[in-house]
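This is the structure I want to talk about, given as structure tokens.
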Amino acid sequence: MNNLTELANKLLGDGTATKVIGYEEAHGKTRPCFCTEAADTGRLVLDERCTNNIAVYLTKPEIVGGHKVAVTATLPVLRTMVQLAMENQLPDGTTAIVSTESGEGLAVLPTVGDMERVVAGTPLDISGKERELRERLKAMSREERWQFWLGEMSRCIKCYACRAACPLCYCTRCIVDNNCPQWIQPWASPLASMEWQISRVMHMAGRCVACGACKQACPMGIPIHLLTLSLAEDIQNEFGVAPGSVMDHGNVLSTFKPGDKEDFIR
Amino acid sequence: MSKIGVFICHCGENIGATVDCAKVAEAAASMEGVAFATDYKYMCSDPGQTLIKNAIREHRLDGVVVGACSPRMHEPTFRKACAEAGLNPYLCEIANLREHCSWVHPKGDDTTEKAIEIVHGLVEKVRRNSPLTPIHVPITKKALVIGGGIAGIQAALDIANCGHKVILVEKEPSIGGHMSQLSETFPTLDCSQCILTPRMVEVAQHPNITLYTYAELDSLSGFIGNFEAKIRLKAKSIDESLCTGCGLCTTKCPQKKIPSEFNAGLGRRTAIYVPFPQAVPNKPVIDKEHCTHYRTGKCGVCEKVCPTHAIRFGQEDRIINEQVGAVVVTTGFNVLGTDFFPEYGYGRYADVITGLQFERLASASGPTLGEIRRPSDGKVPEKVVFIACCGSRDPAKGIPYCSKICCMYTAKHAMLYQHKVHGGESYVFYMDIRAGGKNYEEFVRRAIEEDHVNYVRGRVARIYEKEGKLIVKGVDTLLGATPVEIEADMVVLATAGVSNQGSEELAQKLHISYDPYKFFAEAHPKLRPVETNTAGIFVAGACQAPKDIPETVATASGAAAKVAALFSQPDLVREPLVAVVNRSAPPVFSTCVGCFMCQTACPYQAIEREEIKDRSGKVIKVVAKVNPGLCQGCGTCVAFCRSKSIDLQGFSNQQMFAEVEALLETTN
Amino acid sequence: MSNKNIYLPYLMRIEKITDEAPGVKTFRLAFEDKAEGEAFNFRAGQFAEYSAFGEGECTFCIASPPTRRGYVECTFRRAGRVTTGLAKLEEGDTMGFRGPFGNSFPIEQWQGKNLLFVAGGIALPPMRCVIENALDMREKFKDITIIYGAKSVGDLVYKEKLKEWEARPDVNMVTTVDPGGETPDWKGKVGFTPTVLEQVAPSSDNTVAVVCGPPVMIKFSFPVLEKLGFKDTDIYTTLENRMKCGLGKCGRCNVGKMYVCKDGPVFTKAQLNGLPPEY
Amino acid sequence: MENLHITNGQLAQWLDDMRRDGLRIFAPVAQGGKTDFKFLAEGDTVAEDYVQTAQSAKRIVLPMAEVLFSYRKHGKDIEVANPGTDRFNDTIIWKARPCDARAMRQVAEVFTRDYDDAIFEARRSHTTIVAFSCNTCDDCCFCTSVGGSPGGTEGSDILVTTLTDGGGALVEVLTPKGEGLAAKYLAGAARADGIDKQAHLADVRVLFSADEVRAKLDGAFDSPVWQEQSERCLGCGACAFVCPVCTCFDIQEDAHGARGRRIRCWDSCGFSMFTQHTSGHNPRPTQAARWRQRILHKFSYIPEKLGEAGCTGCGRCSRACPVDMNISEHLKAIAGHE
Amino acid sequence: MSNDNNSAFEPRIIAFVCNWCTYAGADLTGTSRIKYATNVRIVRFPCTGRIDFLLLLKAFASGADGIIVSGCHPNDCHYTSGNFHARRRWMVFRSLLDTLGIDTRRIRYSWVSAAEGAKWADLVNDTVATIRELGPYNEYKKVADYLGKEAGDE
């Protein structure tokens, strides 16, 4: 029995949790799984292959209703949990299980405060391929960017996998399902898809933890995470709020500073 | 709405000469949902209004667009007319064809076309209007005044004299505030206590005023007309009903070396004390921090000597609840201490004092009985230097603002010194003399010209002690930055007026905003100077910014008038143009998901949490709810809400969306 | 291969609007194209898709009976975008109509039997069609009993029809409102519809029952009927699943092996027993 | 109908010729890390190395969004414009998979039963499907479990089987439409003789029996299996939108003032809003109920009508699913469920 | 991207303004009889804080060539902070639009107080001139009419 299984069993056993949301291995990848009893926990894994953001389940009454939940949290998942807590969406008594910094051991974070401390000590770093893509996009002319995104948006099939996979898209009724007025055309077309993405990204402003779940979920391979990443970076530059960090009060868009920049206002 | 009436006003020539009004009406008649359209010379005239009313009745109109002057002009007129004809007034919209069209464009097809499009936009908007009814909020006609200085006293008396109950809360053992500490007041030099004391007594005796001294606000909840205040009555350790205020305890108390707050640290008081002889109420409190009994369990002299057995050592703080309809915040200000100024000795030199301390020296009730004697050795100073703008107007000290009162009181201090110490020499170092106010400039001139106070324009760089003298080194900028050095016996610093201790905490309890210096912020600096952004909470006096007595009293009376106006209504009637969080049938209840980000965006604390429960009382979800008593209808929350669960009545998403699309429709 | 665009609605002129209850209206619609109107046939129980141009399509039954030709009527409650759009229309305005769709009440098979109609609230319209159809051929049926209930007096729809039916000697008309929903001058019964049904206790002998109403009313009425001895094959109701196309294509109203828009909306209780409870 | 044997050069030439003639060709192209169908434009290269396109070619006959009719309001009158069916152009779907071609039949069944959908019919009649047999497959493929084959001809107008030994391709001309195309572009091609097509096909393992699944599903409505399987399902529409068989659609309004259009657009039974009434009542309120509907519809309800599963085993849903809702794994479980 | 046919092109501009400052300022422009271009259509909002970013997109989709968003100067907001919230929203929104390649030059943000009648006229004239120079926003309009053009083909 590995450490994770042991720990999960302990939490299930001592009543800390009645359901563990974690990852299991399947088809050469990992995927989310749910354990409610010791017999289930043997399949739990937690390593760098775990890329789904399973915090998405924390806002689903069907999953968490009537349960005390423990989540085996990767860093993006943990960031999400802290953000969810700030938005009153983290179910009471939710516990996080994380790998310790060395990667060897496991730690239990029983409170949001504990989670915040871990998150605060691990700032987000946008690098590698994402950085490259972002730089490439920046280097384009405006017209080129428009053509680039128009091309990408033309491939969108409006399946809303980006919405479904995003743990911070938890609205009871999404704006696209609101037809009074019909803010966004409900069918797939470049404009409707672009308007949807603009809405999604604006709604993510200052909230997105840059986990990349949206991109990973997109069956068409549209790099929509570039939009949230770009915005997150701009917000960090402008307001000093880093993606994945939590403001103690409100949100980037629900607060302001009297001295905010206004060089674009004439 | 689909029986819209459109009424195009010529406004005489004002619109008619530029816009083809008949054509606009004709175009409007063919718009979807329009049942009736006409034009008329003067819609706002009686016949014009009658025309609208008749059309509403005759065509059973369910919406009206009046194309006329700015809605800021006649929207109320036309809405009233609609109401008189039985149409909900909020189903009437005004198309601005004058200020936004005929007056700014030349006569021509483009202008008429624009007028048609403006009308079209509003027709599409009004088709989505909903009938609204004004919001009635009940009012508890009792006011809470926080702070018993002159501002609080004035506000309490004014409100009480209007026949309303007032609760006045003061954190010190006596009301009176800073004004009771002052000697004479500028520019009349009348005795501060002489004019204040009668007001203090009036407060104590007023049947409409309940006075709580040695008390502080614990918390405030609710909203305009309906606040609940929790007030902490700190334990005075006496039974006030038994105490006669004879003062025997204070004379017998063995702890006599406590610096007196009232005397700004220049005098001493006992542990059981009345802050000053004219205190209201004139009953002592025990300062637990210094009392031997509280510290060691011994002593108890006061208890023994008290003839009425009024001492209560076991007394505890008490919290009382008061329902009030309005709150006036008059918590005043403070002055910086001398220790704030390294260049002037960090407060180490006993004879470098603040202006407030000088007031006590000059006061007949002060520690020197009104004689100017220096604190260190009690000698009468022969040379006194007054330094204005100590801290004020000094961004480096973090106080860029002007403390406003210092110029005047410094002139007064110098003048009082000259009056009391004949042959004495006084110097005032200043940056600018700001003496705006009735008889103020004359007062300063009198100090200079009649009392021969030496005004030196320049900064003092340093003060140091040398052989019992304070060496004041500065420059005279009017003499080409000539260095000036004065051997003074005493230096008085006009230290900056700053916000009172705990003001930030209080602001947070009250949900009112404050500026970077923690002075409370008014709702509008010009037009709403005594209101805060939280409806029903008013501010007055120096808690907003340093103010002199006349201004303090004026704002206090202003705030009182606002309270009286609020209380003069049977209930509070508000425009229904407020935000609303949607509600629907189970199982959805509301599309609000309860993230409460809207709460952080609302400038008015108008968004509350509502628990939605099932039949058994179990909470199913917690959603936002707008308190219509507090909401001012700015709509910031509406634009912020991700799921569009909040909408603004009168400017709803559907209305604005339709108006925008309609204004652009002809291009499609 | 037919070249007809099956999504294209008939254009209908609104001839008459009746306010039935708060938020509830009845439209009488006439075909813009007279020839289309003359060729139009339907059966009691069928439904149609009604368009408010600019808002979309919405599904409700045809409320007028097929025996009265030249017009169709529909009754709806203002709820979502489309019904709100419809409610804004005025007499003389044009709207769209696509239908008739679905199956119907087998009214021919009921000849010679007693008929019991139990309806609640806004569900009287689908019933009205079959009631009037039956009344128009009154001699073919035995006793006709109508039990109709609503939340309050104000919520009763078809107030004129109710009076008309009440006045007929050959109809046993019972109206009821939920407790608390009565007005001082209310002369009908007070009580929930299933309860009143139990009180009235119509005989199940040689009787078919048609039950239309909100899910909760149906849920409580079925056991009462069962207790009264009605067989599942003699109890009819209509399902109101969400629909879009009405043509058995869009997939929305699929319940088990049925498409409510094509195989329904009329089902017997016996049929419902074989369907997953997804309605 | 005949079978032809063409060289690799001829195969390439065929495509080149059609492109040169300006035909509308809908073919797999690598884009954004995925291979998907698109109308070939100047410079596009038809993808070679891939198992399956992200989407099926379904949108040629059932676009993601299409205008059903348009209208204009004039006061109280409405003028409706039927866009007609003569606006469509001939389209060749190049390199469809046999599973896609087979799915077309099921899609067509929906739009032609009871009421003929003229718009759909017109689109379909303008479409020619040139399918390519699968030489390779992956773990998500399971056409053989649902009655299909990597070399199945059903639904195709022409089926091309590239020969794995590099010896060109077998071209099976299956319909008159296919014949027309072959006559024009493969006029000189040799007749195929003795080619063992089977030898060149991918080996798609049979994972379960569709009949067994169907039999199990008959009494499975209340089974806990739905809850178990769907727990991780996120409720997005990716599976339905990439599915070659799914046809659920929505009818929506595109209205701007006096003008408007009625639009048909894709929808999915996986969305919670799909069945939700205006009142908020939802006959399928949980993801478990929606997952059950998806499986029952494809493997129980459709077989009842068509005699075969509403699934051709293309495996796209499994590949597209962000949380690995692997359909064959679930079906295997159902087949083995007691 | 300039337009060959600029002289014939009349930009369609829609202005989103707050009731208390800019709307009143535009009223003052009228009262002062200062003339400006007819191209602008004003939509009145209680506060800039109320203006939804989607409404701006809707304006472009409906055929606007340019947009003005204007409200109270900082610290002058009738509701204290609506304009501050709006300012943040527009900062973030602009950055996103720019990432997407939407032409942010076509959205003009301004503060116009109730006393700045002349500034309003200048703002409108200036915006009209800018948009005239940029030409019609065909890029966006073309995409907006996707169903009419491309989907019919598919």
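Order of writing sets the chain letters: A, B, C, D and E. Residues in each chain are counted from 1.
The definition used in the following text is that contacts are C-beta pairs under 8 Å (C-beta built on N, C-alpha and C of every residue); 3 or more make two chains touch, one makes a residue touch a chain.
Which chain is which protein? Per UniProt: A, D = 4Fe-4S dicluster domain-containing protein; C = FAD/NAD(P)-binding protein; E = Hydrogenase iron-sulfur subunit.
Predicted model, so just to flag it, every value in this text is computed and none were measured.
Setting chain E aside and leaving every other chain in place, the chains that still touch one another form one piece. Look at the CA centroids: the one farthest from the centroid of chain D belongs to B.
Our note on geometry: chain B versus chain D, Cα centroid distance of 69 Å, whole angstroms.
Centroids built from CA atoms put chain E at 50 Å from chain C.
Our note on geometry: chain A versus chain D, Cα centroid distance of 32 Å, whole angstroms. Separation between the centroids of chain B and chain C, computed from CA atoms only, is 63 Å. Counting partner chains per residue, chain C has residues 80, 93 touching two or more of them.
Shared interface positions of chain E, i.e. residues touching 2 or more other chains, are given as 53, 58, 62, 75, 81, 85, 89, 147, 151. Touching two or more other chains at once are residues 64-65, 73, 250, 252-256, 263, 279, 281 of chain D. Chain contact summary for the complex, chain A toward chain D: residues 26-27, 29, 31-34, 52, 56-57, 60, 62-63, 152, 155, 157-161, 163-165, 177, 182, 185-189, 213, 216-217, 219-223. Per the touch definition, chain A reaches chain B in the complex via residues 87-89, 170-175, 178, 180-181, 183, 203, 249-251, 253-255. The touching residues of chain D, counted against chain C in their complex, run 68-69, 71, 73, 76-78, 80, 82, 85, 110-111, 113-119, 121, 221, 247-253, 255, 260, 262, 264, 267, 269, 274-279, 281, 283-284, 289, 293, 296-297, 300-301, 304-305. By the touch criterion stated above, chain D contacts chain E in their complex at residues 59-60, 63-67, 83, 87, 89, 254, 256, 261, 263. Across the interface of their complex, chain E is touched by residues 137, 140, 142-150, 183-184, 189-191, 194-195, 197-199, 201-202, 205-206, 226-227, 230-231, 234-235, 238, 252-258, 260-262, 264-266 of chain A.
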